[in-house]
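What follows is a group of structures, each given as structure tokens.
Both complexes below contain subunit A, partnered by subunit B and then by subunit C.
Let's turn to the complex of A and B:
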């Protein structure tokens, strides 16, 4: 009978834990704290209630309940909060993690399996955490003769590019990380980086299966980029702007999917191809070429690539919502904030608590986020669905589909948009 | 956000490297994955994909698609007569694309 770890010694295990703790503390004291001090020396500290908020004062105020909320308000106004937490990385990573779990459960149900079940008492809800722990504690094997710097950099670059894509998505009115005038062109520019990273990582691995997978990914992404770009032209023609927030604003009455259904369908199909999902998962075809361009990634590198893939999935679904489904627009379902709490405070028995700084979020922002998340989840569901339904298609079928049928449909879409504009249905003097 | 993701995600690799075991006992372990076989030949070979014309077409028509955005974003502010030359451009490009697709279907010349 084989033993899982024959040379395992508890004392060695404890020693390694203590070693790691020591080095973390050591580096914290020698590098971390001076770095924090230097950063505090450089950045501008916010002024709240006429007082300069030093870190010392901030910690003092945090324990004072009447002053906590203004500090949180000041924090939420910073760029760092937007990048790291709400419309940016944290929000997207949360939705991506939910997507992974929902995908595994849903696919299992469609194939009459159970799916993740044991990890966590309720329906395997802690499976993702277990997977993360497994991936982070596995050995990273780099094949001999690989181009090491590129091979190490590729997963991180993949996640970072996906995050750059996420940063362009407006979630609620005013809640967007990078609100640039040429937002849609920015999206195309970011999408163009994915095949480059894929082919670089595939080339650097010095192995045959990743190489074939990388070339397939290059072909697929490159040939579906043109239908992707052309299918969104109709929306730009009707709105006359490339700013994603303004495109959402223009859909307050009708979402564009009502007028441009062909563009929406073509964009959805190209989205599946850019995300390398079934039926277009040729780059990772696990029954032909082991795992495609992911073959040589092991441990946390594979985990990072997966995270990047699902961030990209969220970003594409959100882009579909922003362009065709009306973004954050929807009926107001969030009740208004009760103003008695602001004027009179919360009364609980004999105690009345006055809480300045409320409400933390406006009604519009909560409502917008609710509708945006609802629509995004619906689109993500339709992206996940084909994986349980369709088989994989061949390379020549894929290229034929992308280059003849989808581009033809894109031109039809452009002429529909022109016709709507010149017939006076939309545009100046029309419905919107 | 690009920089934030790098700063936030690179430590994951570093921590993984610190936590995970590293055994350099077996040189076979570091060979490229070929389902248990010892691989023969180079990893970065010349691999014929047979669909090279599509890449050539991409170089041209991607630029065309981006040019169309310059027209599409300004369409609401242009006079209607300015659309006719654009239709002509689209027609020329459509013809060129169909000719290129016809040529790419003839595999013998590649």
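Let's turn to the complex of A and C:
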């Protein structure tokens, strides 16, 4: 049999790592340092604490934890950090990028090929960056008869809505961008926006294939929203709250999937449909309607829609974790020592490095984030898996599934929840 | 406006509910052709196939080249099935020139022809998979095809366009130790394609999607003149390898696969069953083949055909493939006409798609075992 992939060699792997490190250092020395020096020539150096802030002093302060950690701490306590970096957009975008890479590699392994391989030298890890650069550098073409303002607005709105969805997800105790009491209702409201944006973009393109794709997306999303909402009713009845953080807190003993497996399964299927993943990727069925409602998007507009799609994927997987798999709850695996080092200092021989505390980075928070990410990655894996196994289904089969089977199962799930409530096994707040 | 317009030119009343889609030639689900599809909501009202985008004038080109020079360009219509495309031409020329083919060459031809049928069917199956949105079914056949392509490369020296069959036998003998390698590869190949049942043919979503769509009844299949897998999927037991055995097919033991349903699923399953049967044929031919001997009759340079016409047909990957050669005693054929299975199967498409849902269009279209380049010739 012919050779499909170059063979993996550990020495080559190490060599490629060293190679990458060499080029990063090389570019830093050749480009980064001269740039810094040039900037230093131009600007006036400030006086801080009676000392002239020379570059040497700046570097000295940079490696001095007593000066840098409070700054980092202050930054982390801001709302900006929460929105842009940790539980918000940056964290979600990182996971989304990881999802795209994992999807391509996993699908490749299932299909007896290697997937991205050369870009970045280590298993094609930089392929996504290359694709992003390509999308940014491409020309944006807008159809002549398109409704231009709406057509421009659609990708931006799509990403914004997906980001709004991400902001409602609690990642670790206390780490959530928008901790509102009607969190689950907020999620339903955000999900309700997606069909509107889809049909707006499809209609504004003024082209046949996007129009058909948009109509299909509308059918699909609207008919699957009802089972989606109904399948979560059981959880709401058992917890008695709509606040997502409180729903997670109620699962400290058992995740709700133990008691409501039917609801979890229905929610997973509707999630696949809302995300337009195979087997429910009818709005983007390429052999029938080219790329569906994405047909006329080009360049970074398409890139934005893809970003939004994968942010949405992360948010849905995270919602599944929050509602059914117990969110951040899990055995304590993070050892306590990093926290002690940070707060109480460390003694190394005669020197004691005293570092001011960072109460935000608690052991619980690190542990919660670890379990949350682990569970989310597992759910994302199961979302990606059908793509290698199933063909696409048809519109009538989809609607039949949504309106007859899934809604019926939702009611079964609600009756199970009611039974558990009245039998006194479970009540608001978890195990009675 | 006079009322006496011919039917084709009569103005059609525009219905605002009906949307006309140009599916192709630049469309992921069309191939080198255009389907003009009129849809009402999700239902197809009318479909008008418009082939001819890759017409190359093969038949006219054949009139300017002698019988040997015609070999390489006549296999171009289906490069994945190049041995079978050339087969009727070579058989016809042999009859015109009055050549008797050596016994070993006949077996080598059967092996090459069956290998080529598998290579073509794997490619077709890959595209059928991706038309249904099943990307694994696109990658697996495309990868497993390499096994047989490597075999053909050992046999003929080329990966796709082999130009292997010549009037009087085959171009060159098999390489040493070919029988063992071929047996091993074919056994592994058979094991692999049996696994396709798990991921594709027994997949409940696939079955629910293609069962009872585009049903072609037995009477319609015969009336519309379909052939090959389309005909056999509608319950007609017609295989030229059985009905009009050429070369050594009458000495080999194999069965033709017939299904009664006549829907897309049956039409997609018949080529796969045929591939399993091809593996049996190859194994038998390897066993029965004379171990040594000539594989080619020496021809005179620029041979002239006798004043006659001849029609030969073989069972290709897409059904009956005929070649009609008229000779006027010159080194070039006076007229050469290819009757291809693809074009005959395409005729059924407008009848099958009328009233279907738009989502069924790719599966019905590609289940007809249609190869656009061959239909245009």
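The criterion applied here is as follows: the second predicted complex is superposed on the first by the 345 of 432 C-alpha atoms of A that agree within 3 Å, B and C clash if a C-alpha of one lies under 4 Å from a C-alpha of the other, contacts with A are read in each partner's own complex, and residues count from 1 in each chain.
What we mean here is this: a residue touches a chain if its C-beta (ideal position, glycine included) is under 8 Å from a C-beta of that chain, and two chains touch if they have at least 3 such contacts.
Since the model is a prediction, treat every value here as computed from it, not as a measurement.
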Discussion item. Output check: A:399 vs subunit B and subunit C. Expected answer is one of first, second, both, neither. What do you get?
Written reply: first
Item to complete: For A:49, select first, second, both or neither according to whether it touches subunit B, subunit C, the two together, or no partner.
Response: neither
Item to complete: Pick one for A:237: touches subunit B only (first), subunit C only (second), both, or neither.
Response: first
Worksheet item: Between subunit B (first) and subunit C (second), which does A:286 come into contact with in this model arrangement: first, second, both, or neither?
Response: second
Discussion item. Taking the superposition on A as described, I'd like to know which of subunit B and subunit C A:208 touches: first, second, both or neither.
Written reply: both
Worksheet item: In the superposed arrangement, does A:387 touch subunit B (first), subunit C (second), both or neither?
Response: second
Worksheet item: Is it subunit B or subunit C that touches the larger share of residues in subunit A?
Response: B
Worksheet item: Given the touch rule stated above, what does A:112 touch, subunit B (first), subunit C (second), both, or neither?
Response: second
Practice prompt. Check whether A:278 is in contact with subunit B, with subunit C, with both or with neither, and answer first, second, both or neither.
Written response: second
Worksheet item: Where on subunit A do subunit B and subunit C both make contact?
Response: 208-209, 212, 290, 395-396
Worksheet entry | subunit A partner contacts - residues on subunit C that touch it in the complex | 19, 21, 27-29, 42, 129-140, 143, 146-147, 150, 188, 199, 203, 205-206, 208-209, 357-362
Worksheet, complete the sentence: subunit A partner, complex, touching residues on subunit B are 1-6, 8-10, 12-13, 15-23, 27, 29-35, 39, 43-45, 47, 49, 51, 54-55, 57-58, 61-62, 65-66, 68-69, 72-77, 80, 83, 90, 94, 97, 101
Worksheet item: Taking the complex as given, what residues does subunit A use to touch subunit C?
Response: 1-2, 4, 107, 110-113, 208-209, 212, 278-279, 281-282, 285-290, 387-397
Discussion item. Which stretch or stretches of subunit A touch subunit B in the complex?
Written reply: 20, 23, 83-84, 88-89, 135-145, 152, 155-157, 159-164, 166-167, 177-178, 184-185, 188, 203, 205-209, 211-212, 215, 219, 222-223, 225-226, 229-230, 233, 236-237, 240-242, 290, 295-296, 299-301, 303-304, 307, 395-396, 399, 403-404, 407, 411, 414, 418, 421-422, 427-428
